[in-house]
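Structure record follows, encoded as C-alpha cells.
By written order: A, B, C, D, E and F. Residues from 1 in each chain.
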C-alpha cells in the first residue's frame, strides 16, 4: 500500500512537471541573466585530481609553512593578513594542545565548563587550517558578527544572570555592599600592574576588568577597548573564576587572625518583597544619574532581575534563565573562541594577560578582606572579615569558598548568606568600574 | 592537589607562550597595519579627570539642556537630530514617570504584564541620557533592527498565537464569525475619528488598527505606515487591551436589554479533527485569493495553527508556544520600548493616539453587540448579543468579560465558548482590515 | 475601583502630554527634516477605490498572466526577473497542489513531518502572488538571509543532531564504520547518473548529496554549489528519507540470501565513557588533517556530541537537542520553502532531481549491503549483510528498517544496535564525501 | 486642484474596509459550513488521520519523564514498607 | 611635549575609579536603607502586591504535568491491586 | 580545445571520493580500536572522569521537579487514607 502511495505521488509530480516542459522554455529566457554563474570546470586526470586533493589537506597546510594562507577575522579582509610560518604551523598545534588542556580542566576538574567548553571548542574550530571558520562567512564569524561585535550576547547573558540573582542577602545587610566596592581594587590595582608590564593604557584597562570576576562584563569591555585580546581576556577571566577556590583561601588566611575567622554573624532579617522589587530600579536609576556609561550592563542586569521579582512575567523570566541564556552561552562561547586562533592568541600579550589576571584576583580578594576587617572594627554588629573575599563576585563560587573556609575554622558557622551580599554587590561594583573606564576612553 | 594542577597548567601555558617570543616578532611585522588604532590618550591631572568625569554624569546631561546631545534612532544618523531643551531634560523625567506608571499597572493591576513590562523597561532604557541604547549600536537598536524594522518579531508572535489558538468554538458555530467582522468598525470608525482630529490619513490608518485589539497586528501596521508612532501605538494597544474589563461592560449593558443578556445558547456540537486541520488552510487560501496584503499576518498565524492541529510536529508547536514566543516577546517589548524615548513619544500625537484608542475599543464593542442583536433577530437559534463584544478580539480577555457579564445577569449561563468564536474571528477580521489599509497605501 | 484607576492614569498621561504642547513646537522644528515622508495620497471616488482594490486581489494576479509581476528572491532585485505567464498563474496553482500533497504525506503518512511541514508551508507562502514573502523584506526572505544563505541553520541542526547521537554502537564494533563508507556510493553513483542526465557537473554534485541521506548536509552543499536548486534538493532528500521503509527492503532482499538475512550477531561489548568522550574529537582531528573542507559540518556535529558526552554541560546539550534545534528547524523549513516558488521549482531540473534522488538511495543501499556481504566473508564474527543498508544514514530510520526486516526473517533476531553503527558512520561518511566535492569546486 | 476632504476619504475607506472584511468572513462562513458537511459525510467517524508514532528523537525525552515517575512511585513504595 | 608617565595616569584612574565605585555603592546603601524603613512603615505586612492569575496560555502546560503525575499514581495503584 | 567528457570526470570524482571516504573511515577504525585498547589498559574500571556537581543554577530547577514528584506521592498517600 505504501508503495502504491509512492507511485501515485511520483506520478503526480511527474505529471505536474511535464506540463511545464514548454513553460520551461519561457523560464529559461527570463532566467538567463540571473542563473548562478559556475566557475568553468577544467577536466583533470585522476592523478591531477589526487594531487590537487592532497594540496587541500590539513596536514599539507600545516607542514607547508609558506603557502600564503590568510588569517581569518569576522570583520573580513580588512583585518586579515598573511599568516606567518609559526602562526600557520606550530602555532596551530600549540593552540590545539591548549584547547585540549582547557577541555581537561573543564571536564575532569570542573573549571566553569559551561563557558570553557564552548570557548575551547570555538578555539579548536578557529585553528583549523583552510576552513576559515572564523572568517565572515564561517560559522564562528557569523556568530561573532551576530552578537559579539555588537555586544548583544554578553548583555543577554547578563540579563539572564540578573533573572537568576537574589538580592535578599544584600538587602538584609546593605552595608556589606561596600565590600563589593573594595574588591574592585582588583581591577584598578591590576590596571597599574598592566601599565607597568608595558601595556598601552587602553589595553591595560581592558585587561584589568578580569579583576571584576564577571565574564560578561569582561567580554563587553574587552570588545570595546581591545577586541584583539578578547580571546585571551575571556579565557583568563573564566579560568581564574574557576580557580577561585585555589587562589582565595591562602590570601584570606594570611590577612586574618584565627579569632577574626571565627566570628559568628547573626541571622539575617527577612526582606520585604517590595524591597526586592524596587532594588533593580534603584540601582539602575543611580547608574543613570551617576554613570550612564554603565547602563547597558546594569540595565540588562536590572531588567532580568526586575522581570523575576515582578512575579507577573514568570514565562519570560524562566526563558531568560533557561533556553535563552543557554542558547546565548553556546553562541557566546563559540564566538569568543574564534579569538583563540593562533595568530591572535599566541602573542606575548596573552602571557601578560594571564599574569595580570592572577594578580587581579589576588588583589581584589586581599582588599575585600582588609575592608571587611576595617568594617568589623567600626561596626556594631560583628563582621567576619572572610566575607570580604566574596566581593570579587565570581558568583556564587567565591561566596561558597568563604563559607567553606569559615566552616573549617569554626564548625557550624554558616557564612554563605552573609557572603552573598558582597558577592552580588561585586557584580554591580564591577559594572560601575567598567563604566568609569569606558567614560575615560570614550 | 588542586594547587599542583594550577601550577602545572600555568607552567604549560607559560612554556607554550615563551616558545613564541621569537615568533612574536614575525607576527608584529605582519600585523602592523591591522592593529586597532587606539585614540591617542592625553594625560590629565586628577582634577581634570574628575571634571571630565562629572561632564559625563547623567545628572549633568539632564540639567544642562543645551549640551548638544543627539537623539538616538535604530536607523542611525540620518534619522537623528539634536535634542531640544525639553526633550533632553524634563521630557526624560516625564517619560521615566510614565514608565513607572506602566510598571505599576502591569504589576499591581495585572495590565498585560507580558508585554507592558518589557516595553516599559525598554522605554526606561531608551530615555537614559548619553547611553544611546536606542541607537544602531545600542542594545535596543540592535534588537529593533533585528526584528522590528523588518516586522519579523510581530509575525513570530502571531505564529505562536496561532499555535495557541483553538478554532473549535468558531467551527462549531461559523456564523458568529460575522460578529468578529462587525467589531472591526472599531478600526474604521476610529480612522474617521483620527482624520477629524487632524491626523494625516496614513498616520490615521496606522493608529486606527489599535481598534483591532491585536498587539502584533498593530505593531506590524504601525511599522509599515507610521514607524515614528510605533511606541505610542503599541502602548495604547496593550493598555486598552488590559482595560477591556473596564471599558466593555458599560457599553454592553447600555446597548442590550436585560432579556437579551439572559439569553441561553445551546451546547456546541463536537468539531471533527479534520475541520480544525483544514481551517487554517482555508483562511489562508481565502486571504491569498482576496487580499494578498494580509498574507504575512494570516500566513504566520495559519502556520502556527496548522502546525498545532497537524498533531505530528508537537516539538515545533510546543516551541512556538513557549521558548520561541517568550524570547521574541522579550525582544519585541524592548525593541518597541525604544520608541518611548521622550523625543519620539512626548509629542501631541501621542495624546491623540490615546484618545483614539479608547474610541476604537468602544466603537468596536458597540458595533459587535449591535450586530449580535441583529443576528439574534434573524437567527433560528438564539444568540446572546453580549457575545458580539468579544469580536474585538483581545483574546481571550474579551471572551472572558462576556462570560462574566453573562453569568452576572443569569447565574449558570456560561457564554465562554460561544464568545470564543467571535473572539478568534476578530483576529482574522483585524488582519483582513490591516490588509485593506496596506493595499490602499501600497 | 478599576475605573477610578483608569481615569487617574489617563489624567496623568493627559497632564504629562499637555505640559509639552509648547515643547512640541520645538520638536517640530528640529524634526522637520527627518519625519517619514509619506507618499502623497490622491483622493479617489468610491468606485475607483473599489477597482483599485480589485486590482490587488490574488485572483486577479493569478488570472492576469501579463501583469508584469516580478519574482522574489532573498538576495533582492539582482536575482529577480519578470514572471512568465506560466510562472505567475498555473505554476503557482501546481505548486500549491504539490504543497498540499506534501502536507498529506507528512500528516497522514508520517513522511518526516518535522521538516516537510515547515518546508511545504514555506512553499505555500512563497507562491502567494504580490506578497513577495520570499523577497528580502518578506518573512521567508528575512529567515533565508538570517541563516540559510550563510549556512548557519544547517550547521545548528547538525550540532543538535550531534548532541542526540550515541556513538556507542559504532565504538563497540568499529569496523562496521566501513559499511557507512560503502553506502556513500549512493552519492558518487548518482553523481555519474546526474551527469548522464545532462546536469552540469557542479549541479550534479550538489544533487548527488541527496544520496547521503542527511538533510542538513544536503542543504549545506546545495547552498554552496547550486543554490537555485535548494528547494528541489531539500524536498527530494527529506521525501526519500521518509520513503526509506519502502525503498530499502526490496533491494535488501534481492541482494541477500535467506541464510545471510538470518545471521545472528553477538551481544555488543560495553563501551567505556572515555571512548565516547574522545570519539568526536578523534573524528574532528581526522577531518582537520585529511579534509578541512568537511570541518564546518563535522565540527558542528562533533561539538554537539562532545557537549553531550562531556557530561558537565547538560544545560547546553539539552538546549541543543530541544529548544534550539526546534526553533532552527522551524526557520530552516520556512527558509528552504522559499525555494519552492513556482519560478524556481517548476523547472525540468526538479524532475531530474527526483529521479536521481531515488537512484541515489537505491545505489547507496545496494552498495552498503554488498559491502556487508563481503565483510561477512572475511570477518571472524558473523555480520548480517542487512546492516549494510543502514549505512546510508537517514538516522535512525534505516537502522529500524534493518531491524524490522531481520526480525521478519528470524523472529527474535534484534539487529537494531548493530545497524546503528553503520547508521551513524553514514553521517560521517556523507560529511566527508561532501567535503571532497567542496574541495573539488573550491 | 481643489482641497481634499480627508474625512470623506476616511469614510470611503470605511465602506471599502468593512465591505471587504464582511465579504471575507462571509465567504469563510460558507466554505467552513460546506466543509463541515462534506467531512461529516465522507469521514463520519471522528477518528480521522492516523497519527504516526512520534519521531525517534522524542522517545528518550519521554522515557526520562517516565523514569522520573517510576522512581517517584518506587521511592514511595519503599518508604511505605 | 614631555613624555607621558602612564603609571602615574593609571594611578589617577585608580583614584577616580575606586572613588566612583565607593560613591556609587555608598549612595546605594543609603537609599536602600531608607527604602527599607519606608517600606517597613507603609507596608508593614509582608504580603504585598497582588499577584494576578498567571496568563491563560500557561494552564494547559500545567495541566499536562498534573496529568502525568496522576497517571503515575494511577499506574502504581493498578499495579498494587 | 577538445570537448570535455563529463561522464568521465564524474567517474574520476567517484574514484577520488570513495577513496577518500574509505581512507577516512579506515583510519578512524584503526584509531578507535587503538584508543579502545589504550583505555582498557590504563582506565580499566568503567568509572572514569569525576563528574563535578552540576552548576548551581540547575539545582533549583531540579528541586522543582523533585517537589512535583513528592507532591504527587503525598497526594496519593492522602487520597488512600
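Just so we're on the same page, a residue touches a chain if its C-beta (ideal position, glycine included) is under 8 Å from a C-beta of that chain, and two chains touch if they have at least 3 such contacts.
Keep in mind that what you see is a predicted model, and the values were worked out from it rather than measured.
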Checklist entry - In the touch network of chains, how many steps separate chain B from chain F on the shortest route? => result 2
Checklist entry - Between C-F, B-E or B-D, which shows the same interface as A-F, counting it as a repeat when over half of the contact pairs match? => result B-E
Checklist entry - Counting shared numbers against all numbers at the contact of chain A and chain B, is it over half, same, or under half, different? => result different
Item to check | Chain pair with the higher count of C-beta pairs in contact (B-C, C-D) | outcome: B-C
Next on the checklist: Centre to centre, using CA atoms, which chain is the farthest one from chain C?
Outcome noted: E
Checklist entry - Which integer distance in Å separates the CA centroid of chain A from that of chain D? => result 41
Item to check | Gap in Å, rounded to a whole number, between the CA centres of chain E and chain A | outcome: 21
Item to check | Sequence positions of chain F contacting 2 or more other chains | outcome: 9, 13, 16, 20, 49, 52, 55, 57, 69, 72-73, 76
Checklist outcome for this item: For chain A, residue numbers touching 2 or more other chains are 41, 49, 53, 107, 109-110, 113-114, 201, 277, 290-291, 311-312, 315, 322-323, 436, 440
Checklist entry - In their complex, what parts of chain A are in touch with chain E? => result 171, 174-175, 177-178, 180-181, 184-185, 187-189, 191-192, 194-196, 201, 204-205, 270, 272-275, 277-279, 282-283, 286-287, 290-291, 311-312, 314-315, 425, 428-429, 432-433, 436-437, 440
Checklist entry - What residues on chain F touch chain C, complex-wise? => result 6-7, 9-11, 13-14, 16-18, 20-29, 31-33, 35-36, 39-40, 43, 46, 48-49, 51-52, 54-55, 57-58
Item to check | In the complex, chain B residues that touch chain A | outcome: 2-3, 5-6, 9-10, 12-14, 16-21, 23-24, 26-27, 29-31, 33-36, 38-39, 41, 49, 53, 56-59, 61, 103, 106-107, 110, 113-114, 117-118, 121, 124-125, 128-131, 133, 137-139, 142-143, 322-323, 326-327, 329-330, 334
Next on the checklist: Please output the residues of chain E touching chain B within their complex, sorted ascending.
Outcome noted: 4-5, 8-9, 12-13, 15-16, 20, 49-50, 52-53, 55-57, 61
Next on the checklist: So in the complex, the part of chain C that touches chain D is made up of which residues?
Outcome noted: 41, 43-46, 49-50, 53, 107-110, 113-114, 164, 321-322, 396-397, 400
